[in-house]
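Please find the structures below.
Across the two complexes that follow, chain A remains constant while its partner is chain B and subsequently chain C.
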Partner chain A sequence: MSDEKISAAGAPVTAAPQKHRDPLALIVRFQSLIGLVLVAIGGIIFSPRRHGEILFLNPDNIANIVRAVSETGIIAIGMTFVIITAGIDLSVGAVLGLSSVVTASMMISGGFGLIPTILAVLVMGIVFGAIQGTISTRFRLEPFIVTLAGLQAARGLALVVSGNQYINISYGDGPGLAPPVFAVLGERLFNNTVPVATLVFIVFAAIATIVLNTTRFGRYVFAVGGNERAARISGVPVSMVKISVYAITGFAAALAGIVHAGQFNFGSANDGMGYELTAIAAVVIGGTSLFGGAGSMVGTVAGTIMLGALANILQLNNITPAMQLLATAAIIVLAAVLQSLVRRREGLGR
Partner chain B sequence: MRTITRASTLKAVLLAGAGLCIAGTADAAEPLVKACAKDGQFIIGFSQANNAEPYRQHVNDELEAAAKEVPGFTLQIADGAGNVNTQTSQVDNFITQKVDILLISPFEAAPLTPAVKRAMDAGIPVIELDRKTVGDPGKDYTAFIGGDNYKIALEAGKYTAKTLLPDGGETAVLEGLPSSTPAVERLNGFKDGVKENAKIQVVAEQAADWVPDKAQVAFAAMLQAHPDIKVLYASNDMMAAGALLAAKGAGKDVKIIGTDGLPGPAGGIEAVAKGDWAATFTYPTGAKEAIEMSKKILLDCATEVEPTVTVETTAITAENAKQLMGK
Partner chain C sequence: MTAPLLVMTGAVKRFGGVQALRGVDFDLKAGEIHALLGENGAGKSTLMNLLSGVYTPDEGTIEIDGKPVRFNNPREAQAAGIATIFQELDLVPSLDVAANLFLGRELMRPGGFLDVPAMRREAKKRLEAIEIAIDPGAMVADLSIGQRQVVAIVKALSYASRVLIMDEPTAALTVGEVERLFDIMRKLAATGVGIVYISHRLEEVPGIADRVTVMRDGRVAGITEPHAPQAELVRLLVGRPLDELYPQRAKGAGKPLLSLRDASFKLARDSAGWQAPQGVSLDVHEGEIVGLAGIMGAGRTELLSALYGTGLSGHWEGEVAISGRPVKLDSIKAARHAGIAFVTDDRRGSGLMLRMAVGLNLVMSVIRRISPNWLVSPRRQAEAVKESFGQFDIRPKNPDIAVGALSGGNQQKVVLAKEILGNPRLLLLDEPTRGVDVGAKGEIYARLRALAAQGLGILVASSEMPELIGLCDRIVVLRQGRNVAEFMGGVDEHTVLAAANGREA
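What follows is the complex of A and B.
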């Protein structure tokens, strides 16, 4: 019943047909896909070759690229929801660290089984995010500040839980050992081709895409980011939506933490340092507006993989890490400038 | 996952078997790298844990200098940027590139272990520098070259117990990044070393994450709480530099011990020569030893190498600092 009003509220920013007329808007809409294609073409052209084989396209190399980005990708998926509501979540890297530590210590020192551990860690992530969302909406605080505090809190908790030590995960049956099946997160499936971590990323991305694009909740997310007042007037439960998106980033960070622990057989309070920034970069490159109200999951996935492919091709050519940072910087600026140009044309930006 | 591991091991065994058949020398020891040759061209991939630490930059510099001496060697360095995920992916890139030898300083042990195994399975000898992955050198990886963090800090502790504070007194420790292996080993080493002298107490230990600014703040606070601290052990040179600023600020004459013994104007050797610090204990890079070992494997077709090479620490004190400065 309220759906009509909501889409009306979200119309100025989410109505796709108008955007398509502007070629620049079209480019921005698909910028990360275009970017990914460009990087891939560049990768093929500049790839070192061995006996005529293009190393960049080597199946192991592709698997390596998509495995390496899976953790930041999972986080970026969650971050996309938050950024569409014009929010930000800086705590995700730290929550990943906390989650990997809790995962390791529950199984190794706590003697918990795999399923209870995973459930507990995921719930912890959701609760952590929901608390941040609640504080932010209840006290009308900038999410930047609340999640900055959340980052510190999560790192602090991770140090407390780990007792300042890294926790190795050993496998086997019995107390103090993790079930061997957990190590599957570091393996590849389907004839040793598809990394399991990547599968988790892709499945999570698919679910998130469906939630964002086809459910009422997804429309609420766009509406809150597009025009919060209009959304409120139209009957969107704004606070609830905001709290939910932070719960989603918390869940995503916890999921990434579990994947991290499984991939690396290890929990350390320092895990995931700086991941929040990589994830935000991937989301922005993916075309999601930091002003809120517009964004796409496919864009985020493409942006994530693009950054991974870029790092890969630069390393294959033995180009210094300094150049990698500069290249990433240039791409972020380019993506942001394109977005701002479109906003100005639509009369939204200043 | 078990089956996959087994399958790839089986594959490796079969491939190795095929190689042996072709060579027709089933009994004679095989060289570690079959393509070895006196005048060959070889790529050495070095997976560094984190270039942002001056010590690691120092390792890179020494490796580059040593590799340059060998005409056929090209050294490629990838920076793991303090992130096990990035570093794992870089090791996999080196495997894709089929480098001839992999040198690695894993940021953390367990997380990099599977990547090292993949390199070994791909027939690439792995020399671990300064930090180990899980398993045994000579079996799970080709060799380990490095210093011993615990022993180095133990030496620093003994030096404090015997030479700096024979009559006892209060000491304090600045620890590296909590939770990181060398931070824990150096902390424990020092604490065990000073136990030689029962009159010495460790009254404060704080983490300063290897960086000077945090060390300055932490040590200033320590001096407020414990004005009688006589010796400070800093787990690396950079933190010792920060601690010196704090001691000067508080107007205290504290004997500072660094770790790493880095060269250059910002390094520990010069600080000791100038009399700012009491001592620093070098953490040897093992760079020369690593390139030497690479030469044995790639140029001299070695069939085996020393699985563990421990490079000893040198105590840099007022006596030898000036003389070592030029080196």
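What follows is the complex of A and C.
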């Protein structure tokens, strides 16, 4: 991650060294990585100790941090695409809940196998997102309002499917039981160190980074957010790009929902509430502009882990959840202010 | 009008390591119209921002009526009587004229209610004072750019009334509107208002200014008579004699490229204020530059955007052919497929991704070409960027900086270079040099002519008559969406204007 250059829009155009960069712009460019380092240093300093061991650095604790952020992280990866196009997707938390319910009920009451279930849920997420994207582009509606409706719709569907009950997942062979391999999502691999949920997050992030920075589609995403009218005039298929990014967030939310069901062994229509806001926060802290046209996947990953690490330190020190919320609020504001300062320096802001 | 109203002495302003002003003296007399000329980056905007209180000078003084003043913000400058009209008019389009004039200082009735009738009456009085008939109840969004300009002037004068600073007020106006604006400026000057008039358009200066200050590289390059020869002004502006601004015309044109025969664009829904092409017949040949002239609202922009499929939805009727083959131009996709490229008149709004790097903007129209197999090839991208930098002298020569940080002229070169990368056969240009300095203009004209020599056909709409006359091989005049006259390049301006206005020459 460290040798990955976070560019305003994908790979740098030339290898030419850049002269006299604004230090503030550099800070903002790497703000989430810098923030992550600062939080880590803070974690080490303020961590409670037991027999001289720094609890924050305990492998179990670190595994816990990266496991806890994996679901919002997966969602934030998808959200980064949408926000770079200057859009927003509020439905992701609800789609996570819906996906966890559908995953559980397909395997438990439906008797479907693992692979068909996962494929069906992922396709459902893609279709759900694509419908929102289509409505938004076809009728020229703000994505805010379309995905707000999508949030309600997904929660409603989840309640219908689940009958407002937890659907517990029991493992075993035979009808009404899920394949035991599904439970791996709640476990750790490699000598009980790396949580599987985190692996899913990291692999998804790696693929998304490649798609955003090296493919034609990634370039279109930046173009649409940078200036939609200019992109259209240059021949970019703007509507297709917009529909696709909502399909990606739908896919990400469904993936997170499957991970959720596997980690907690149940499907619940009311889970994932507020995840969309945590994901948006991670994306913004990661340096992606809500105005569109600029952003980085690596920043989103760093922003996600930073928020998780911060929550962890505060928990380790028995600081109340209320204070955690306030600390998160302060970081979001700081990240946004830094970006605004750079825009003004560049003479692009108002 | 002998004692100077406003005197600026030795003004210095730095931004980081960049020295925008290096000791500038400037003065303005009451009742004087003082033109301030300079290329982009010469420092005229900075000078204007010092006078209007947006920036404070690092060194130097500003005096009004012989008393030193120091403005910490625009409000203090307004209080001292200095009103500024910026290029981007600070009007709220969704409010009516009266509401805009009184924005922030609304007239109230007892009880905290707006006194709309009183504001409308007062607005009407102020507009009539400069003999302008604009309905105070009209939405600003429904006014023409020229009318908005007038509203902005009236608004500015109601804040402050001794000095009026106008930044490129004629940039978006048609010839007729410019004349009306000049009338208003002369009337205001006659009442004792000192006017600083910032412009790119050299040819306007003799008609309006009493005195001309030319800036270059953050210094005053010279103060001259408005009737100084244009060559002298150009020499002061660019610091060296400029070769012929307009390149040699082509010897002869090639085969017909775009042919319209009695072509009309039928709108899917009627739309007031959008002058759809009506029975247009014109040809653009390979290697030919054809100009579209006409007054504001004659349908120049509409013709170009209808050809490119960016206008309102609708379809063409009549004959529309490219290289003799009929084409259905109803979408951007169809237009691009036919080899048509388009450069809008609004590079910031619909031409560029301002926050993205120059290089990324340049390759925007050739993303397919640089991404075979869907993966963007850094090598192909670098080649495309290099090709563009070879075509146009874009400064600074760094493809990695944000395009929004470039000067207007360089931004325009990026927009042009971007479309030319796609190897179009026909290039549609709308106001190709709006807000572009003289040096960059000359370069753009030369490149366009060179591209035409390679067989590119160019159809260019412009409200700058000298540009059309100097650049184009032929000029087609539009009125109410129709082609009403056609002239060879080099025709005299009055003949074209007469045709555009529907009068005998």
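A few remarks follow.
The rule is simple: the second predicted complex is superposed on the first by the 330 of 350 C-alpha atoms of A that agree within 3 Å, B and C clash if a C-alpha of one lies under 4 Å from a C-alpha of the other, contacts with A are read in each partner's own complex, and residues count from 1 in each chain.
The rule is simple: contacts are C-beta pairs under 8 Å (C-beta built on N, C-alpha and C of every residue); 3 or more make two chains touch, one makes a residue touch a chain.
Computed from a predicted model, the values in this text were never measured in an experiment.
In the superposed pair of complexes, A:H260 makes contact with chain B only, with no contact to chain C.
Within the superposed three-chain model, A:G42 lies out of touch with both chain B and chain C [touch as defined at top]. Looking at the shared chain after the overlay, A:N168 reaches chain B, while chain C stays out of its contact range. Within the superposed three-chain model, A:P179 lies out of touch with both chain B and chain C [touch as defined at top].
In the superposed model, A:G110 makes contact with neither chain B nor chain C.
In the superposition on chain A, contact is made by A:A223 with chain C only, not with chain B.
By the touch criterion defined above, A:N61 reaches chain B but does not reach chain C. Those residues of chain C that touch chain A in the complex are listed here as 17, 308, 310, 332-333, 336, 342, 344, 349-360, 364-365, 367-368, 371, 374-376, 378, 381-382, 385, 398-400, 402, 404-405, 418, 422. Within the complex formed with chain C, the residues of chain A that make contact are 8-14, 16, 18, 20, 214-220, 222-223, 226-227, 229-236, 289, 291, 293-294, 343, 346-348. Contacts from chain B toward chain A in the complex involve residues 1-2, 4-5, 7-8, 51, 76, 78-79, 81-86, 88-90, 92-93, 95-98, 108-114, 134, 177-181, 184, 207. Those residues of chain A lying in contact with chain B across their complex are 48, 50, 55, 58, 60-61, 64-65, 67-68, 71, 159, 162, 164-166, 168-169, 180-181, 183-184, 186-188, 192, 260, 263-266, 268-271, 273-274, 308, 311-312, 315-316, 318, 321.
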